[in-house]
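Chains: A, B and C, in written order; residue numbering restarts at 1 for each.
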Amino acid sequence: MMTEKAFYGWRAWLLAETPESALQARLSRFYLSWLSFKRNPLAVIGLLIVVFLVLIALFAPWLSHHLPTEQNLADRLQSPSSTYWLGTDELGRDIYSRIIHGSKITLYIIFLVAVIVVPLGLFVGTTAGYFGGIIDKILMRITDIFMAFPRLILALAFVAVMGPSIENAVIAITITSWPPYARIARAETITIRHSEFILAVQQQGASAWRILFKHIVPMCTSSVIVRLTLDMAGVILIAAGLGFLGLGAQPPSPEWGLMISQGRQYLLDQWWVSTIPGIAIFIVSLGFNLLGDGLRDVLDPTNN
Amino acid sequence: MIQIHNLDVHLGSGKVTVHAVRNVSFTVKEGESFGLVGESGSGKSTVLRVISGLYQNRSGEIKIDGEVQGGRKGIEFYKKLQMVFQDPYASLHPRHTVDQALTEPLQIHKLDQVEKRIRTALKSVGLGLNFRFRYPHQLSGGQRQRVAIARAMILEPRILLLDEPTSALDVSVQAEVLNLLTKLRIEHNLTYILVSHNLAVVAYMCEKIAVMNQGKIVENLSKEQIIKSQAAEPYTQQLLAASKGYDRETARQLLQFD
Amino acid sequence: MSSIRQITEMTYPLLKIENLNVEFRNHAGNSTQAVRDVSFALGQERLGIVGESGSGKSTVGRAILSLIPPSGKIKAEKIALNGVDLQKLSELEMRKIRGNKISMIMQDPKHALNPVMRVGDQIAEAFRLHNNISHSKAKQKVFDILKDVQIRDPERVYRAYPHELSGGMGQRVMIAMMLIPDPNLLIADEPTSALDVTVQMQILAIIDDLVKEKGMGLIFISHDLNLMASFCDRVLIMYAGRIVEECRASELAQAKHPYTKGLLACLPMVENSDQKLTTLNRDPAWLE
């Protein structure tokens, strides 16, 4: 599609020694990180899996063959065939279509958790690390309290009170997932709090909030992103676990954990009903793990 | 321009306090370049940082441009007085381009004509415009220090505090940066306080010099006195001798002091 | 190991380097020549290698000890210690040389010492690595060497941890550790650059005395031309990986290469501080 000349033109622009605009500088840095990332084949595999997940979720209506809730009792518990690629479950629903639509739910859960946990953790951690003193102590004790709760048990308690649903499962996961991010952000902040580049911007009269937001948070993002991607693997498993226990998504939702649970009784003879969603969870979890490892190698500040 | 009177600073807290600065007094006239020289632990950097407003825990009087300095600093203070730090590898934000580093103070002080000011600042420190969008790790030590100087100068301060500005640089680069600092001082009639452990650098850059040891000012000298080795105090004489290079006899005497 | 025994017999020159080249490659395939065609000989004397950052001076020191990271390749016609070509030795044999026949002191003692081990134990361990003697005899040897580096209170320092020592004290410990096995050659890579001027003088005096007393060769790597001129017997000036000047320290003022002359001119000297500082004009021809 692109002519050879255009391609090399792009590449030269991205690798230019002297960028001519802020945009070029930023893209250039991103491109160099990408080149570094690309060298790690496992990391690329992880990225592909995650991208694959996103694409499947986006194109679900076009990719699936049947509606995820469409029952066809005459065809129940069929093994994988050319009509039903991954077989059918106990209500005759096409497992392949359910997996495809289930990916949307998985993505939804991950996204919600990320969007709440990261800003909250960054805010608490950088504030505690920067101001120190009593603010630090109070914020850290609050963090400790939340960290002391075992995830699954808190989720159970929360859902028991609030009623089972995906959103409540997400909130339960979020409540126990944010503390490590605060700790990471705090540790990074304490490390750079007395650095000369922070002193310099204090010396310019910057307000504390400006310093936190523009100068300290950007230094924490690498560690937080790495932690997030590695955490995602765990989040998926917990969400699946809650689904399995009937505390998250409710039937007939094609949530993968719920699918495993509903298929348990048929495990011996119709193994695919439970196993296939299990494999899906495994692959996505693995993908996030590989991606997180790869990102850590690239985003480690000592590399630059 | 700057008057320091009976400055006393304690660093640390609780059990681990250090009396870093003891009863230090000196005056710097407008347009003058004043040097503080001493070894590590002498308190020279602490004095500088107190003047810049970093440490509040101090007693004694600091007067800048006639105003006595209290605890809190208004934003106007930071327009008057800027600091250049020692380590060029640490004084620039690693994730900000040169352009961002120079824009930041302008935004904080809500100054206009951002584009023009940035170009002028880069030009005044001898950096071409092609450096504008580089990240610090793409710059050499000398280039980073020039950016740090440009950043300090962009607010058009009256006073520059220089904390070992060339100690981390190669000798050839040091000469360029020191000449640049002198040029800027003359062009803009700036007042400098320069801190260094290198007696030769201080002698070059400053007209009046105070020698510090263990928190106290041991001796005040002028540039001429240093050149002619007219030091009264033994500590100053020791520093002067040591700055001339290695000499077995001098070294043997120092070994006795241990 | 016969080659080790050969090294112990002192021959002149102590160290002979011929056409040393060190090349570093990074992932992108770009290579940098850190050291280019460096040749020199060293006897029982003090040789200073002076250069700015990027000149390759530290790389030369490390290449002698074969301590270059895997991304670097050493190629030389000869790296000979007392006639024995070090390149031909296996890694195992090289380990018997390091810290034993050739010792290296580095810039920051706090980075070179094990923070969780007492200082005395570390020195003793360094000695017992190459000599089979009892713990108590090693301890006595440590006390002896600590006294040699002018430490007044060897018992206290023996029991101290590295972070409890000042910069100068830490550097003396480093020197003690490196000199305890009586090496033939000492390489000092910017040992005093992080120290105060007066402490620097003390450390140099200690190195001076010990090197003379034990009859070692000394390679002193530094960026401080003034210091090298006053401390060493001979000086090599390096620029962009090459030796551009080689002369006796006393004759440095009559240096011939424009880089050396330029470097000397831009050094701030107290005596000339009422004049403007000359700057160095880099000639791209020097990079050839």
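By definition in this document, a residue touches a chain if its C-beta (ideal position, glycine included) is under 8 Å from a C-beta of that chain, and two chains touch if they have at least 3 such contacts.
Computed from a prediction, not measured in an experiment: that's the story for all the values here.
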item: Chain whose Cα centroid lies at the greatest distance from that of chain C; value: A
item: Between A-B and B-C, the pair joined by more C-beta contacts; value: B-C
item: Rounded Å distance, chain A centre to chain C centre (Cα mean); value: 51
item: Chain B and chain C, separation of their C-alpha mean positions in angstrom; value: 32
item: Gap in Å, rounded to a whole number, between the CA centres of chain B and chain A; value: 47
item: Complex contact set, residues of chain C against chain B; value: 52-53, 150, 152, 167, 196-202, 204-206, 208, 223, 225-227, 229-231, 262-263, 266-271, 273-274, 276-280, 282
item: Contact footprint of chain A on chain B as seen in their complex; value: 52-54, 73, 75, 77-79, 82-83, 85-87, 90-95, 97, 99-100, 104-105, 108-109, 130-131, 133-135, 137-138, 148, 151, 155
item: Partner chain C, residues of chain B touching it in the complex; value: 39-40, 141, 170-176, 178-179, 182, 197-201, 203-204, 223-224, 226-227, 229, 238-240, 242-248, 250-252, 254-255, 257-258
item: Footprint of chain B on chain A - complex, ascending; value: 17-22, 24-25, 29, 195-197, 199-206, 210, 214-215, 218-219, 301, 304
